[in-house]
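Here's the structure we're looking at; comments come further down.
Going by the order they are written in, the chains are A, B, C and D; count residues from 1 in each one.
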Amino acid sequence: MDVGIIGMGKMGRGMAASLARAGHTVRAWNRSPEGAQGIPGVTPVATAAEAFAGDAAITMLADDAALEAVVVEGGLLDGGGRPSVHLGMSTVSVALAERLTAIHGRAGIPYVSAPVFGRPDVAEAGKLNIVAAGPAEAIDGAAPVLDAMGAKTWRYGEDAKRANAVKLAGNFMIVAAIEAMGEACALSESHGVPGAEFLDLVMNTIFAAPIYKNYGGAIAASRYDPPGFGLSLGAKDVRLALQAAEGAGVPMPVASVLRDNLIEAIAHGDGAKDLAALAEVSRRRSRRG
Amino acid sequence: MDVGIIGMGKMGRGMAASLARAGHTVRAWNRSPEGAQGIPGVTPVATAAEAFAGDAAITMLADDAALEAVVVEGGLLDGGGRPSVHLGMSTVSVALAERLTAIHGRAGIPYVSAPVFGRPDVAEAGKLNIVAAGPAEAIDGAAPVLDAMGAKTWRYGEDAKRANAVKLAGNFMIVAAIEAMGEACALSESHGVPGAEFLDLVMNTIFAAPIYKNYGGAIAASRYDPPGFGLSLGAKDVRLALQAAEGAGVPMPVASVLRDNLIEAIAHGDGAKDLAALAEVSRRRSRRG
Amino acid sequence: MDVGIIGMGKMGRGMAASLARAGHTVRAWNRSPEGAQGIPGVTPVATAAEAFAGDAAITMLADDAALEAVVVEGGLLDGGGRPSVHLGMSTVSVALAERLTAIHGRAGIPYVSAPVFGRPDVAEAGKLNIVAAGPAEAIDGAAPVLDAMGAKTWRYGEDAKRANAVKLAGNFMIVAAIEAMGEACALSESHGVPGAEFLDLVMNTIFAAPIYKNYGGAIAASRYDPPGFGLSLGAKDVRLALQAAEGAGVPMPVASVLRDNLIEAIAHGDGAKDLAALAEVSRRRSRRG
Amino acid sequence: MDVGIIGMGKMGRGMAASLARAGHTVRAWNRSPEGAQGIPGVTPVATAAEAFAGDAAITMLADDAALEAVVVEGGLLDGGGRPSVHLGMSTVSVALAERLTAIHGRAGIPYVSAPVFGRPDVAEAGKLNIVAAGPAEAIDGAAPVLDAMGAKTWRYGEDAKRANAVKLAGNFMIVAAIEAMGEACALSESHGVPGAEFLDLVMNTIFAAPIYKNYGGAIAASRYDPPGFGLSLGAKDVRLALQAAEGAGVPMPVASVLRDNLIEAIAHGDGAKDLAALAEVSRRRSRRG
C-alpha cells in the first residue's frame, strides 16, 4: 500500500521502518527534515501535505499542540490530499479526537484514532499493540498497514475517541504501577530491605508483567537517564486522563495523587528523566531531616 | 521431618497437604477441630501445644489477634514444646513480628517470619512464594519444610520483621493494582468502552501478570462471590502497611486512598465480597443521580 | 467619576448600585439587556464598547470564556474606547490575566486585576474585599471607584496575575473549609451527634468566621437551594487553582481531593446546588448499603 | 466543691488555677511531683488515688496510654476513692471512652467525657469550651466545676464517647485549616505573593476566626518554636479521628492527606515544632531542585 507518515520521532521512525519492511511504499515528513531521512525504503517528502495522501496517512506527533498545529492550523484537510484514511496514532486528548472526528467528517475523510502501546524498539519490531476506533470500513481497509506495525489491533467500535480513552486509561495504569512500586520500596527500605531486593521478588512473581520489569528495573537501579519514556510525558498523559474523566463525571483519586507527585518530581528537577523517577518522590518524602 | 502446623484455614490445609505429600510427618491443630481433619498423612492433635514441637512448628492464623491469642495469651512458649524453629507464616504486623522475635529470643526458640504470596490452590500445589527472614541457621534447617510448600523461598536477612514488611508492601501493590483497574474501567466506561473490553487489552499485553488476570477477570465479570480473597482482609493488610510505614516515617498517599475507598466499600456492604469489588467504588462514584 | 461596567450578573448589579450610590456616573452593559436595567443611577448601554470608556471600565463576567469572548474575540481593545484603566474583577485564570496584561500593554491601556471576596449582598452594600494588582498609578487613580465598591482594597504589587493567584488561593481555602466540615460532620454523625449540633459548636467558637457560619449553616440544615454560590462555580475555581499551581510547580493534595469530590457531587446531580452540598459527598460515602 | 485533678501539664495547671480561683478546694496529682506545685489554693497530693475522690475527679493526661496507665493499670477504680463523677478531659480515642464507660459502669462511678477546646492560656483564664457527654445528672452536678474552667459547656447527650468524637472532629478541622493555609501560601508564593501578605487578607476577612489568626500568624512568620501545640500531638489527633471514622464506616480523604503530610513533617524533623509547621511541607514540595 501507499502510506504517508507525518511525525518521525523515535516512534514514527520505528513504525516507518516496519511499514517499509512489510513492503509498503512509505512517504515520510518531519518538521526537522533529518528526522525523515536514512530509513531504507522510506522516502522523505518536503511537506506534510505530500504525506497526507495515498491508501493511509498516519500522524504520530508529540501532543495535542503538535497535532493541531499540523492538521488544523496547517490546513492539512484543505490541501487537496485525500488519503483513504487518516490514522491518528499520537497520544492525544479525547477532546481533540472528538474535534478531529468532526472536521474530518466535514472534509469527507475517514478519521481513525489508533494510539499504541509499546516503546520505540517495539515499534521498530512491528509488535505494537494498536488501539483502534473509527469507521469499521476504514479500519478494515487499513488492516495491512496496521498489521505491519502491530502485533495486534484492538478494536473499540466506530467512535474514534474511545481509542483515546482506552490509551489514556492504560497509561494511567502504568503511572499508577510506578507510584505503587515507589511507595512499596519506601516501605521496604524503611525496614532495611533494599528496594531492588523487594522488586526482584514481585517483578518475578505476582507482578511478572512487562511494565513492572521495565520500570521496576529502573527503580531498582535508580537509573533514570537516558529516559525511555520521559517523566514530563507521563505527567501530560495523567493530565489528559484526568481531563477526560472530569469531562465524563468520573473522579480518579489515584490519578490525582499521581498528578500531585509528578508535579513535585518536576519541581525537583526530574521532568526530563525517565518516568520511573517518580519513585524518588516517595524516597525523598521519607528521608530524615 | 517432623512438622506441626497451627491454624488450618484454607491456606493452612493446603500447606499441610503439600508437606504430607513431600513425606513429612505432620501434626495439625485448628481451633475448631474439624478444620484439621481429613487430609491424608496429616494427624490432628488436640492442643496447639502438641503441634508446637518437632523440627519445625508453623503458625498460619488469620491476623494479629489470632496469632497473639494462641502464642502469647495461650502461653505456647511456656508449654514445654521446643520446636527447632517457629515459622510464622501468617500475614501480620511488623510490630507483632518484633514482639514475637523478642519473646522467642527470651525463650530460646528461633523465630522466623515466613509469610507467603499465593492463594489456597497454590498452597495446595506447593508452589507458594515464601518470604523469609530470621536466623540464617534456622531458615537453612527448615529448608526441606519450606521447599515442600513453596516454589521458592525469598530470603531477607536475619531480622524477622523484614519479611513482614515485604509481604505488606506486596499486598499493598495488589490492592493498588485493583484500584487502578477500577479507576481505569470507570474512565473507559464513561466513554462507551465496557470495562471488560478495556481489561482484555491490558491484562493480555502490558499488564500480563497473575494479579491483573486474577482480579481483572473478576472486575470484568463483576463477579465478587464467592471471595477468593476477602475485601475486609485486603483492608486489614492496607491498614498494616500504613501502620508499618507510619512507624518508620514513610507517607504512602496511594495507600491512604486505598484505605478510604476500602472503608467506603465496606460501608456499602461489600466487606465479605472478593477484594476485586473495590473496583465498584469507582463505578458508584461516577454514576449519575 | 465616569465608570463603565461590563457584565451585570448578581455581582455586577450590586457593584453598579454601590457605584451609583457613591455618586459615580455609571454606564452598564450586559449580554441580555434586561440585566443592565432597573438600577437607579445606572444607564444601560447597547454595546460593550460603549461601556469600555471613561475613568474606569470594569469587567465582571462569569469565567475565562465569557471574558475572552467580550474582550479578545469581541475586539474591545480595538473599538476606540480608551478607559483610563480596565479593572478586571472576574474570577479568572492566572493564564488569562497574563494574556490580558500583554494585550493591554500593546494597546496602551492599563490593566488591573481586581477580583473580589464577597457575595452579591456584600457587593450591594459596597463592602467587598478587593484584591488588586497592576500598575500602581492606575490603581491609585481608580481609588474612588474601588472605594465605592469595597470595604478595603488589598494591593499585591504591579503584576496583575498576582491578584488572581490570591483570589484562587482564597477560594480554594473556602472549598477546603466546606469539605472539612463535611468530613467532620460525617464523623460526628457516625457517633450519634447530628452535624448541626457539631457545627453549632465549632462555628461559634474556634471557627467563628463568616465562611464557616455561612456554609456551615447550610450544611447544618441540608439547605442547598437556591444556591448562594453554585457548586459548579466552586469546581471551576478549584480547577483554576490547580492549574495555576501546576504551572508554577506547586502540588496541592487537598485541592486534588476537592476536585475529585466536586466531580462526584456533580456526577450525582448537585452541580446547580449551593457549594455547601459538597458536604453531602462525605455523608453519601458513609451510608450503609 | 471538693475537686481532684490528675495530670498537671500546661492544660491541667491552668484548669487547676481556674478552679482554685473560683473557690473550689483542689487536690492535684502529677507523675512528676513538681508539676502539681506552686499554684495558689491547689494542694499537691502524693498519689493519684488521693486525687480520685470528692465531688469531682478530673483526668487531664497526654494520651490514651497515659490515661490507661493511671486509670486501668493503676487500678484507680479499685482504690477506694469514689468521686461523685469522673470528668475525663483528655483528648483520647473513642474506643478508650467506650472502655472507660464500661468499667466505670461496673464500678458504679459516673463517667463523663469532657474534652476541651482552648490552649493553656485559655485554661488559665477559665474560658475553655468544654465538650461534655455522659449521664445528665452527673454533668448537672459538676456544673460549678465545669463553669469554673469553661466559657461554656456544650452537651452531647448521655453517651460519653460522643464528646470524644466531637473533639476529634474539631481537631481534624484545625489541622485541615493549617494544611489549607499551607497549600494556599505555596500557591501564592509561587506567583510572587509572600504567604504573610496572602494570610493577612484571609485571616482578617473571610477567615477571621481564632484558629486562622493563631496558626496563620505562625505560618506567616515561619515561627514554629516554641510550640503552642506540638505537631506530633496534632498527628496523634488526626490518627484518632481516622480510627474513630474507620470504626464507624466513614472515609475521610482530607484527613488521610493530613496524616500523610504529618508523617512527612515528622520524618523531616518537625515533630517537636508547632503544628503550624505542617505548612512547610507544601513549601518544601514546591521547591526547585
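Here is the rule we use: a residue touches a chain if its C-beta (ideal position, glycine included) is under 8 Å from a C-beta of that chain, and two chains touch if they have at least 3 such contacts.
On a predicted model such as this, the values are computed, not experimentally measured, just so you know.
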item	value
Intersection of the contact lists for subunit B and subunit C	A, D
Longest centre-to-centre distance from subunit A, chain (CA-based)	D
Geometric centre distance via CA averages, subunit D-subunit B, whole Å	38
Between subunit A and subunit D, centroid-to-centroid distance (C-alpha), Å	52
Whole-Å gap between the CA centroids of subunit A and subunit B	37
Multi-partner residues of subunit C (each touching 2 or more other chains)	245, 249-253, 257, 260-261, 264, 267, 285-286, 288
Subunit D to subunit C touching residues, read off their complex	94, 117, 129, 131, 154, 156-157, 159, 161-162, 165-166, 168-170, 172-174, 176-177, 179-181, 183-188, 190-193, 197-198, 200-202, 205-212, 241, 244-245, 248-255, 257, 260-261, 282, 285-286, 288
Footprint of subunit D on subunit B - complex, ascending	239, 245-246, 249-253, 256-257, 259-261, 263-264, 266-267
For the subunit A and subunit D complex, residues of the former touching the latter	253, 264, 267-270, 285-289
